[in-house]
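In what follows, subunit A forms one complex with subunit B and a second complex with subunit C.
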Partner chain A sequence: MRYALQRFTQFLIVFFLVTFGVMVFMRIGLNKPGDPARTMLGGTVSQELIDSTTAKFHLDSNYFVQYWFWLKGMLTLDFGYSAPNNMAVTTYLKPRVLTTVFLGVYSIFFALVIAVPLAVYQAYKRDRSFDKLSSFATFFFISVPAVVLAPLLKYVFIDWLAWFPRLSSKIYPWDDLVGHFKNFFVPVLVLTIPLAAVWTRLLRADMVQTLQSDFITLASAKGVPPSRVLWGHALRNSVFSLVTSVGFQLGGLVGGALIVEAYFNMKGMGSLLVVAILSSDLFTVQAVSAILVACVVLVNLGVDLSYALIDPRIRHARALS
Partner chain B sequence: MSATAELISADILLATKPPRRRRKFPSLGVVFAFIWLISLTVCTLFAAYIPFIRDYDTQIKVNGKTGRYNLGPGWTAWMGTDASSHDVFARSIHGARITLMIGVLATIMGLVLGTILGVLAGYFGGKVDRVVSIIVDCLLALPALLLALLLVYRMDDLKSVYTWLGWLDRKWEITLTLGILATAPLARIVRAQTMGLREREFVLAARSLGAKGGRVILREILPNLVPAMVTVAITGLGILIAAEGALAFLGLGVERPVTWGKMIIDGRADLKRAWWATVFPATFLFLTVVSFNMLGDRLARRFDIREAAI
Partner chain C sequence: MSNISQASSRDTGAPLLELTDVKTHFRTRRGLVRAVDGVSLTLERGKSLGVVGESGSGKTILSRSIMGLLPTKGTERHGSIRFQGQEIGNLGRKQMRHIWGREMAMIFQDPMTSLNPLMKIGRQITEPLEIHLGMDKDNAWATAERLLQDVRIPEGARRLHQYPHELSGGMRQRVMIAIAMACGPTLLFADEPTTALDVTVQAQILDLLNDQRKERNMSLILVTHDLGVVAGHTDEIAVMYGGKLVEKAPTRVLFADMKMPYTEALMQSIPKIDDPSHTRLLAIGGRPPDLVNPPNGCRFAPRCLYARDRCLTEEPPLRATDNPEHTYACWYPVGSAEYYQAKARLAETPVAVGGLD
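Right after this comes the complex of A and B.
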């Protein structure tokens, strides 16, 4: 419990530091009065508008005051105001968050569905030709950057085979289920492949080690069927790196989503953020990065705490310390 | 007489010698990685003196005219020509120069910063450790690519405000950014390794002889960190190169002369018509990343460093 609290405070500190850092960093160098508002509004705007925006968002006060007001807004789900779009950030963020969440959830799900059985089978048939071949394949796929994979898969599936149509704007499963999956298939594939490869390698390495330990020999010796040994005994003792990696890869996944969204012209959070950064849309950048940081931090916290659930040894070791 | 005695003694000597372990030939992948990286580096460094590599902005004319994608892969231009009828092969080679330079410099920067942070945290523990781990967590909390975008874009702006930042061009901006990105994972691994080394007997021996903290770190701990650092740095180099491609892809790359990411994104619209303008730079990028991963993987197995397998 003490451990959990300690982790929690550390993650809270990280969240505040990073969001504050992003805010300050977006504003450094805008020293002249009215500068932040002018950058935010973009183009040529009247002095009155600049003044009113500055006053409205306290853009002339010091960073701590601004941060305080921003934080207060965040707590009431008011993420600020996007000047280039002349809209509250919250209203136009919602559908975009959904797109990215679909991308992320699908790719994590499919990656796990591919990785876990593959790794278990590889470890079971260690050093056979299937294992060697698929190990080589996973190594290959780990190294494919999203920048390379996206054009390749687009060329194969969309341009050449034409199995999947060009991406339309119909994205919700409750509008058109088939269209939804057709839309998401190739982008999700781009994210899934490297992820599945990383996880397969991690899990395989751990499984191979676990399968050599004594309790596995004992289990098989006393007549536990191999499938129980594999999926019950061995898998449970090998998932640590995998669980850690799920937390760790989340940041990378968002980065990949950034590229995928940019390449396939999807309206998600990543592409939104790119546009926001490039047009100095202060509040959008702050809002999106805060959401992302919160996600990463929470997932990592969950991963840390879930160790104790998976492994009683850790639970007891921590209870003693 | 004496000759036979010598022969016999030599025979006995040979027989008593432990059988020499035959050095295993390195795996095919490692050999390929070496060949690819070395030939790429050589081609890149001496591009101006190698006859079959054109200059990156030479336009190839067909029947005296330039045109969009006027040549497919063939004898004249091995990998075809791009939208402004430049040679894709030559541009890929020239693109490697900036990419490799940025990757190597950023890795060196990440190594220096990451080692300092990691060793301090791992050796002294306690408060120092808490502070360092918060810094590292902060760096890892924002998705790497996002942090890179933010840094590069803002550095562009800051340059116009503060004149003393005038020396920063895109190349240095990206190098600095990627260096910062490389710091966090390196610091983590160095910290973990240092914590392990700190408890070892030779460190205790040095300490009991009266060695101060600085000397223990420099003479006892750092040399033992080298294998881990090299392994992670090489694996990281592949990741950084991919990240550089991604940045270029998002429009924040080095504008001139060329980079792989920019070539890939430029050919996007005409993928169907001229696949070669995208596929070949993508292959270059892929093969380079694979090579670094291959070497990193081999080293990680050689030195038994599990953390490197990210």
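Right after this comes the complex of A and C.
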């Protein structure tokens, strides 16, 4: 209980610091040429609009007051107003967020589906030709950057084989499931391949180490079949680095998807953030940062909780503190 | 006490375990490591055998060779291992799996690292019961509780739901014993089962092992570097050096009349209760032989205080004393004329024994 409270306090502190920091830096940028509202709205707008915008978003107050009003808006899911798009941030943020979430969740899911069995089997067949070949392959795919992989896979699957349509990000699974998956397949693959490669290597290394433990030898000496030794005894003892890495990846989802979003012209949060920063779109930047911070902190919390779920020693140590 | 499935008694009249010229060699970059180099011995049903030697004498590899628990890659196995009349020396892991846990079980040295830290004690004990005996969950857990009783762990029902880190070292070793005995094996290996434990707990664990052996009519192979450990707990002792068996005898006979200077040296390196305090222990000088290039002749000769030229060139065969159960491999055994000559010479010249200091 005390642990949970501690974690929640941490979450709040990080959240406030980051969102406030983002606001201050954006405001410093906006203030530079003169009036923040004028900068935000662009050169040729009426004085009334500037005045009303200033008043509405408290741009003339000090940072703390402005931040306070922004926070209040957040509570009612009012993320403010995007001047360059001339609409409420909330309305056009939703599809962006969804696109990125789909990209991230699918790629992480498929990377795990590939990495875990591969790593387990590699560790089992350690130093045999299968292991060596796979190690080479994973090393290769780690080294291929997304900017190379994206055009390559696009050429193969979309242009040459024509298995998948040219992309539009507007298909939701509840509208057209097959279309949705066809749409996301290639971009997700671009993200999945390097992830799967990294995770395979990570898990293989830990598995190899675990398989040398005494308790694994004991499990074999009990007559436990190899598959059960691997999946029942060794894997659980080997997943800690993997869980940590998956956590980082989930947290860094937006940044990671940036190249793919840009290349496949999928309107996600990564590309949104870049455009928003360049166009001094204060409230969009702040909304995206808020979501990011929340994601990172929550995922970290999830990672910590899953450590405790996996390892009774951590669980018990925490129960005592 | 409980009457959990006793070991299946396939009485063939043959000894339980019969090793003939067992060799285990590892291919390494340095060359072929002859970890076990031609060991022959037999073990009767229900008897206990102590395998004694320094680190690197091959005692652990010997027990793992018998169990077939060695990595297959880079390992060469020669000779014959007959278990319950059946040749198992050439079986792969897949076939051995049905023997492991069921007919042969092993207790490891370090109870702190030998239990799965993420799995409840109960789960670790019931696993072999479910796999080998096909017990359902309730039955297996009830059996596990009885097993904990057998190894004298109080509050078994509660302990079963605990994790290894919640138990002391001695408790964990008891759990290990419970796991090993779960399916009522006929042969139990205990590889330095007390080395990692407090002295006060060591005797308890050894007594427990011995009691369980007698009660269940198991055979026990107790691997240790400590002659003191095997003294009161085994029927026979086999002394290993450099991958070879150098002396073997019933325990009483060995302690009364040891033939190998190596056995004698091991004996002298144990503190004795009636020595005055601050008596210096005799260490064996030098180090165990390189098993890639073992010395010619007797492998112990380079470190032996009584070695002569013949020892360095000609390897002594295993031969019996008047007692056919007592065999040793030495040209000039303890008690021979040459032994006393050498001893007298050593007494005159006050060299530090075995290169100590």
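We take it that the second predicted complex is superposed on the first by the 298 of 321 C-alpha atoms of A that agree within 3 Å, B and C clash if a C-alpha of one lies under 4 Å from a C-alpha of the other, contacts with A are read in each partner's own complex, and residues count from 1 in each chain.
One rule holds in what follows: a contact is a pair of C-beta atoms (placed from the backbone, for glycine too) under 8 Å apart; a residue touches a chain by one contact, two chains touch by 3 or more.
Predicted, not measured: the structure shown is a model, and the values here were computed from it.
On the shared subunit subunit A, the superposed partners subunit B and subunit C are arranged side by side without overlap.
In the overlay built on the shared chain, the residue A:154 is in contact with subunit B alone; subunit C does not reach it. In the superposed model, A:201 lies in contact with subunit B only, and not with subunit C. Of the two partner chains placed around the shared chain by superposition, subunit B is the only one that A:18 touches, whereas subunit C remains out of contact.
In the overlay built on the shared chain, the residue A:237 is in contact with subunit C alone; subunit B does not reach it.
Chain centres taken from Cα atoms put the angle at subunit A, between subunit B and subunit C, at 80 degrees to the nearest 10. Counting residues of subunit A touched by each partner, subunit B versus subunit C, the larger count belongs to B.
When the two complexes are overlaid on their common chain A, residue A:225 makes contact with subunit C while staying clear of subunit B. When both complexes are overlaid on chain A, the residue A:213 reaches subunit C alone and has no touch with subunit B. After the two structures are overlaid on chain A, the closest C-alpha atoms of subunit B and subunit C sit 10 Å apart. Interface residues of subunit A facing subunit C in the complex, by the touch rule stated above, are 127, 213-215, 217-226, 233, 236-237, 310-313, 316. Touching subunit A in their complex are the following residues of subunit B: 29, 130, 133-134, 137-138, 140-146, 149-150, 153-154, 157-158, 161-162, 238, 242, 245-246, 249-251, 261, 264, 267-268, 271-272, 275, 278-279, 282-283, 285-286, 289-290, 293-294, 297, 306, 309-310.
Of all the residues in subunit C, the ones that touch subunit A in their complex are 67, 69, 73, 93, 97-102, 105-106, 108, 110, 113-119, 127-128, 131-132, 163, 165-166, 176, 179, 182-183. Within the complex formed with subunit B, the subunit A residues making contact are 10-11, 13-15, 17-18, 21-22, 25-26, 28-31, 139-140, 142-148, 151-152, 154-155, 159, 198, 201-202, 205, 245, 248, 250-255, 258-259, 262-263, 273-274, 277-278, 280, 285, 289, 292-293, 296-297.
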